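Common to both upcoming complexes is chain A, partnered first by chain B, then by chain C.
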Partner chain A sequence: METVMSYFMLNPAFYIFAGLAVILAIFMITMPNPVYSAIFLVLTFFCISVIYITLEAEFIAAIQVLVYTGAIMVLFLFVIMLLNLGRDADLVEHSGPMKYISIIVAFAILIQIGLAAKVTVNIGEKGMFPIEKIREIGNTEAIAGLLFSDYLYPFEIASILLLLGMIGAIIISKKRSE
Partner chain B sequence: MLQQEYLYVLIFILGGSAMVLVAMLASWALRPSKPSKAKLTPYECGELPAQADSYFQFNIRYYLFALLFVVFDVEVVFFIPLVKVFNSIPVVAFIEITFFTVVLAFGLVYAWKKGALEWE
Partner chain C sequence: MEALMPFLPYIFILVLLVLYLSVVPIMIQVERKVSAWVQYRIGPNRVGPRGLLQPIADALKFLAKEDVIPNHVNKWLYIFAPTLMVFPAFFVFGVIPFGAIMINGQEILIQVGKTNIGILYVLAVSSLGVYAITFGSWASNNKYSLIGGLRSAAQMMSYELPMGLSILGMIMVVGSLRLEDIVRFQIENGWGILLQPVGALLFIVTAFAETNRLPFDLTEAEAELVGGYHTEYSSMKFAMFFLGEYCNMFTASAMITCLFLGGWHVPFIGSMGLDPAIVGYIQVVAMLMKLGFLMFFFVWVRWSLPRFRYDQLMNLGWKKLIPLALANVIITAIVMAM
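The block that comes next holds the complex of A and B.
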């Protein structure tokens, strides 16, 4: 019990929001209405964003809110509306015994992860950007510095990828509406 | 240092909440109390709320707008780090960023030309 408390005191914000994220994720997968699930997913994303802040990764936290809770959720909601799933009553479980098997498998994986986390020392070798350096130059600046020097080429590829996504979306929706 | 910075965030959260609270309390104190049934209906852009079943398939057209929004949202993600280091990037990087913007602008032009932004 003492060790649990000491871990908690080490970083209370992390444990509060990590726990909240797990609870909200459980709500998300148990909601019968997919729109409610989407709302719980948004709340889960917010909790994960707070965890990023506790890791002093403010840029990722901001992007998490901007892209995941903003843009990706819009896509999820639009897919739900496009699929026209109907009323909650139509969405009853059809899994049967598979449900219990998957619960057992999920717990087995959980125990494995727990054991792995217990035996491995999770402090690796320091890389090019240790926390002291990040604190000195700033989070977003560190990412920008790399993005616009070493990773210029992948940055360009990203623009082509986005363009392809855009053209693909236009072609698909045009074909359907004609 | 870090805690200090988040203190500002907390001040902004409290200040923002206080503004809303004060506005709500002020209107609550000043307004006359005349409850009616119409005031309890959900607000839908001044119209009466939809009477028909709202469970129907939406037009795929809406999805196109959502996807275009996502693409430009991701573009913003690349531009946020840019503004932080804009004064210190080399010329090559500036040219590449221009190329990036032009490629995505081409996508917008394509959408426009294809009539994807029209709503017949």
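The block that comes next holds the complex of A and C.
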């Protein structure tokens, strides 16, 4: 019989990289220099993709690295480097008491999420895609099969939205240059 | 032999690592000799018989040089960047199948990592290569380096798209992301370069851009940027960038071989009636020979073609290669549906 604890008996690599991801994320928000922040965000994404691999979701892991780490973050770094924001000392934000209040609020939200997670972890019947089935048919095939059958319309709508975003960006940049 | 079986993956790792590291000095020698022949020179011929020991002399020179860290650089990133350069190339190499040999009547694939995402893994990890150049260029705190790094980031981003799309046609034909399945499919149905000629051409062109080789080496255009992203680097750190470039070339050659040149397949070998065990070894040698030819091809192109201008590079990438790759995908889909 499965217990709640068996949910937490994962690959030790999961805990190592999950911890690392949290630490790197903290580094990311505390670094004064935006280039460093971007670098730590890249490393955080990398850790998250390793977490996906430990959870046997190789497809998502590859896409995570390919899209976020390999493409989006390169653009981020690109923009930050082009802007050349100046010395670190000029970039430190002086927000006063707000800083401490926000830390308290953040912890409160964290506790809330923790409590919510504790309540909702329940083990009922397995869904259509338990891990055994995914192992059998393969990760990519499982996602592709769902994406192009049951979720075809949401998938198409998402791609139209992305296309709109792209066209919008082109129009905005065109206007400025004229 | 039987006792060795559990250690087979580790043996493969060791063999591939040695192969990988020994390719670089060989390639440096080939590069220098071929460039000399193309330019009607003799090339290195003083160190050892016919200049064959020149790579060892080069390596010793890199090791013996003073390791200078300039005062104006960002020290941590400056040291970190060159180490990052070889990492993606090494990672990708793990999933490339080198052949299938028979041991005790059992077919064993010479491949370290068997993932069911195959090509996606290759694309994902090789997209990390841009960070080494970007970090190195930014940390150098030098305008030439920075321009080189920015060019590199834009170039690699632009050429990743046609690269992915050019493989897509092949994946659609084969119906699997696994590199070993793609090679097996080609053994049965003919090489990828015949099934997907446009895809093969696009992939080879984009591979040149992704490895920063001429005619797309805008990131280190000597005439404009001194040395590009590695202007401030010297001794072993420079050597790491150098090593990374050749490792990337080797990986790109391996990908081209697996996707479009039939991997370890030798045409008509099945009908010769040879012992399957011997065929396996012949095919591994064939794979290495194909890799060798492609590496030579990289060098050959470098010393034959002039460098693109930057706007030409971008126009080629976005206005020609991407539409062509998309058309290839659509036509492949239509042909397959018929």
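Keep this in mind: the second predicted complex is superposed on the first by the 144 of 178 C-alpha atoms of A that agree within 3 Å, B and C clash if a C-alpha of one lies under 4 Å from a C-alpha of the other, contacts with A are read in each partner's own complex, and residues count from 1 in each chain.
The definition used in the following text is that a residue touches a chain if its C-beta (ideal position, glycine included) is under 8 Å from a C-beta of that chain, and two chains touch if they have at least 3 such contacts.
These numbers come from a predicted model, not from an experiment.
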Combined model on chain A where chain B meets chain C, clash or fit: clash
With the two structures laid over each other on chain A, which partner does A:Val65 touch: chain B (first), chain C (second), both, or neither? second
In the superposed arrangement, does A:Val35 touch chain B (first), chain C (second), both or neither? second
State whether A:Tyr100 touches chain B only (first), chain C only (second), both chains, or neither. neither
Mind telling me which of the two, chain B or chain C, contacts the most residues of chain A? B
Scan A:Leu163 for contacts with chain B and chain C and give back first, second, both or neither. first
In the superposed arrangement, which partner chain does A:Met81 touch: chain B (first), chain C (second), both, or neither? both
Looking at the overlay, what does A:Ile143 touch: chain B (first), chain C (second), both, or neither? first
So which bit of chain C gets in the way of chain B here: 201-209, 219-227 or 291-299? 219-227
Touching both chain C and chain B, counted on chain A across the two superposed complexes: 59, 62-63, 66, 70-71, 74-75, 78, 81-82, 138, 140
Sort out for me which residues of chain A touch chain C in the complex. 35, 39, 42, 49, 58-59, 61-63, 65-66, 69-71, 74-75, 77-78, 81-82, 138-140
Seen from chain A, its contact residues with chain B in the complex are 56, 59, 62-63, 66-67, 70-72, 74-75, 78-79, 81-84, 86-87, 135, 138, 140-141, 143-145, 147-149, 152, 155-156, 158-160, 162-163, 165-167, 169-170, 172-174, 176-177
Looking at the complex, which residues from chain B come into contact with chain A? 1-2, 55-64, 66-71, 73-78, 80-82, 84-85, 89-90, 92-93, 96-97, 99-100, 103-104, 106-108, 110-111, 114, 116
Show me the residue ranges of chain C that touch chain A in the complex, using the header's touch definition. 77, 115-117, 120-121, 123-125, 127-128, 130-131, 134-135, 138, 146, 149-150, 153-154, 156-157, 160, 177
